[in-house]
Amino acid sequence: MIIEELLFKPPNALVDQSLHSHMGVETTNGDGFGLGWYGGGEGPAVYKSIAPAWGDPNLRELAAHVEAPLFLAHVRATTGTAIQQTNCHPFRHGNWLFVHNGVVNGYHELRRDLMLAVDPSLFPGIEGSTDSEVVFNLALTFGLDDDPIGAVERAIGFVEATAERHGIENAVQASIGLSDGERVWAFRYSTERTSRTLFSSCDALAIRELHPENERLQRLQDEDRVVVSEPLADLPGVWESIEESTVLVVQPGPDEHHPFRPQAPAHATAV
Amino acid sequence: MIIEELLFKPPNALVDQSLHSHMGVETTNGDGFGLGWYGGGEGPAVYKSIAPAWGDPNLRELAAHVEAPLFLAHVRATTGTAIQQTNCHPFRHGNWLFVHNGVVNGYHELRRDLMLAVDPSLFPGIEGSTDSEVVFNLALTFGLDDDPIGAVERAIGFVEATAERHGIENAVQASIGLSDGERVWAFRYSTERTSRTLFSSCDALAIRELHPENERLQRLQDEDRVVVSEPLADLPGVWESIEESTVLVVQPGPDEHHPFRPQAPAHATAV
Amino acid sequence: MIIEELLFKPPNALVDQSLHSHMGVETTNGDGFGLGWYGGGEGPAVYKSIAPAWGDPNLRELAAHVEAPLFLAHVRATTGTAIQQTNCHPFRHGNWLFVHNGVVNGYHELRRDLMLAVDPSLFPGIEGSTDSEVVFNLALTFGLDDDPIGAVERAIGFVEATAERHGIENAVQASIGLSDGERVWAFRYSTERTSRTLFSSCDALAIRELHPENERLQRLQDEDRVVVSEPLADLPGVWESIEESTVLVVQPGPDEHHPFRPQAPAHATAV
Amino acid sequence: MIIEELLFKPPNALVDQSLHSHMGVETTNGDGFGLGWYGGGEGPAVYKSIAPAWGDPNLRELAAHVEAPLFLAHVRATTGTAIQQTNCHPFRHGNWLFVHNGVVNGYHELRRDLMLAVDPSLFPGIEGSTDSEVVFNLALTFGLDDDPIGAVERAIGFVEATAERHGIENAVQASIGLSDGERVWAFRYSTERTSRTLFSSCDALAIRELHPENERLQRLQDEDRVVVSEPLADLPGVWESIEESTVLVVQPGPDEHHPFRPQAPAHATAV
């Protein structure tokens, strides 16, 4: 699918959300953006810019000319760290792409402890200064390759345990998108159980039948799935909210829903 | 005065307006900005960036360290032309600085006719692609140095006459700030007489007496004057609206109010 | 072909030339760059940046992941006009892409006359301030769609005639690349007949036989052709210089060489 | 002094060195730059950009309009870390400004160990990913406020000891400029004693007498001193090389030369 079909053309497309988010914590997400996709060449490609998504002509070009069966896009509203490409999502490691809508509260205070828990072989690869990149590296440290859901549970659990030691409440807001090119994991979680919104499109077959007049929806393939912070259009029966403290796995064949229960890894809590 | 006193510190400072404008036509003005000031060195200095004003660390630095008795600042929401430094205001020519909050309607269609009317000696100096820069160059062409108000009247009048020839209605929205380093002209005008907001601070002495508890206001000198698209704070008695189709001249000694009546110059309308 | 095979991997790849050009007039070409390609979506895609090509991570990403049978790339050393995306090559109009290595001498003085000769319907689409974009628009004005070589001859001829009227010598340096997605035209020309270097790769079959040990060269398809300002590697028998005042047409089937003889169009010289 | 007098106007000014360095390890230093100065407002101001210094219009503006009795400027050629403002020098902490021409060899491998030795209260303030910023934070950790030369000796000594533990040779190239707004320390050092060039201007009185025809030199005040990686002009008697393994202290009253002998702090080497 040409990426602009989702990124630019719907009524409340992500690029519009960069300028006027309706459901987000920040109404403007103009502190850079990123687009990662699986397509030609080896591994995923990433395009990042510190320009607001709404005004970047290159994003418009790429979206109009790059076809990809799977992509992740992110618009950023900084919670304090610098506006620079290395702080833009998605973060990448090998075939993994990772985007985060949320925040680690008290990150300034926690940063050192969190970074120390990152595997020393991964440490030099941390290029930016965001909480999100460190959470991703913690998940890599705690076994992302073998057990993606468990690894993210351990990463978030470790952040929560560290925050607790520092007396910081409501440690994490973590709506997270993760992909290895085959599957997409969509996590919706927050320590205080008031997580940022996250929606998934329903079964493509059902959507096409519900909206026979909508050309864009008719182009959806049976396995196509769109996961978004905000519905791209106000269409009845198209979007379902991902539940609190769960993770949706979009994959070839039937998708899956799992509970998401962060827990610090035994060996790391003592740091 | 250190520039940040006005640009960053008030409750509704210009930099906040870049993110959330309350009275502007555009709620987000994140398509670059500019700051021009009269200080050290020869002529005015200009700092421009395509980053949103709210996120540019250099602007914060300059505002915190540059003192200037007179400065103009502008946050941009493009009406279609490219986001690039040469399209950021203020525009400069010799000692003149020029900022424009508004638009020339149908500019795409009018651009060639308007540029042809610019004096050939000025033409090569047009670096960007905005309507604003061309309006400024028309004012320079029509005698800005000798008769600033008349020159802007002729420039706007010429745009209106050209638009009329093309069948374009409501030709111009033109809240304009202009300075030669000694005086500031604040124009509030639109062809349809529904001009964008423009406010001026009242007499500094009166303001200080009204708000004895406000430290920032107490630092105002007798001749200080602040002209803004939106009041920087909701303080009774501090701001007065500049009237439709008038121009305020802030200058040493008593300031002046004049009517503003655009009229195309006789020799130019035949182009 | 994945674009990085030509843009990054050869010993003297274009990205290296951005840092250290050996044969160019400018040894550093760090004032932005652009990449245009024909691939997915409608018409050609263009990626432009004001960062030096050698340091732009997005260019590296695109080159590693975008496949395109035909692309044009350009690294810029400004001859005085602003460093901004709208001044980066390639310029695009419909299916056309246009890159220019060269300069219009005395452009500051000639700019107005040249822009006036651009078709009024094209005029508003001129977004930047370079000589190159105006030359491209002159070629479009003078019939590029129907007669590409003739149109460029008329555009360059018009520039030369205008320069002569202004008493400017050596009007044009014009090594130009042009494509409509099917064919590529490579012009090598200058008013004073000391044109900037321009090379074409030889017949792919011959190259593969000459260098059986070179993997990259073995991947060349029979119709593949590379046109460059400087050879990408010092390989005997691979590169041939395009002759002064000629144009090479790379196309399906046998390529063609034609003389290039600029001549101002009759109807335009009187402006 | 208006900053452009040193930054732009001399024959081999720093901005020219960004494009064509004659004595530097890198001939092009186009990966961003920074300017820090002591002037209006509280503490030093810093302007940083990822654009090459030679093409940044804002730098030209600031240099032409900002007067400062003391400033530090730096042009960057990355040794591998990202091109972003947070990686540009000078780095700042309180009143300190710090610039580094050099490299920590094997930094990728050493980064974690070096960052762990930074005082935990300073750790969260590390915004970029360079070796230079970490060296500066080590110096702050090891007592910069009380004993500037000793603190830098301990910081470099610690890096050398850490490198030795990792089997990395020639640990550090460290031509360093440091200022607190009153004094400037100019360190010339490298582990292998083949340090990058560093020059200081001679006594201003002597220079003025030597070159009575040179207007710029006649404007030098008695206490003025210029420290540079490369002489700004080829003028006999004006420049003297700072010796290997020494530090020059420029200050009110007579300047001082001291030996520079890195030594790891006792309490830190065991990490």
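Side notes on the structure shown:
Letters A, B, C and D mark the chains in the order given here, with residues in each chain numbered from 1 onward.
By our rule, a contact is a pair of C-beta atoms (placed from the backbone, for glycine too) under 8 Å apart; a residue touches a chain by one contact, two chains touch by 3 or more.
None of these values were measured; they are calculated from a predicted model.
Chain copies chain A and chain B are related through a rotation whose angle, from the C-alpha fit, is 180° to the nearest 5.
For the interfaces B-D and C-D, the C-beta contact count is higher for B-D. If you average the Cα atoms of chain C and of chain D, the two centres end up 41 Å apart. Within chain B, residues 57, 82, 85 each touch two or more of the remaining chains. Touching chain D in their complex are the following residues of chain A: 81-82, 84-86, 108-109, 111-112, 115-116, 120, 123-124, 126-129. Of all residues in chain A, those touching chain B in their complex are 19-20, 27-28, 30-31, 50-52, 55, 57, 78, 82-83. By the touch rule above, chain D contacts chain B in their complex via residues 2, 4, 37, 39-42, 45-49, 57-58, 61-62, 64-67, 85.
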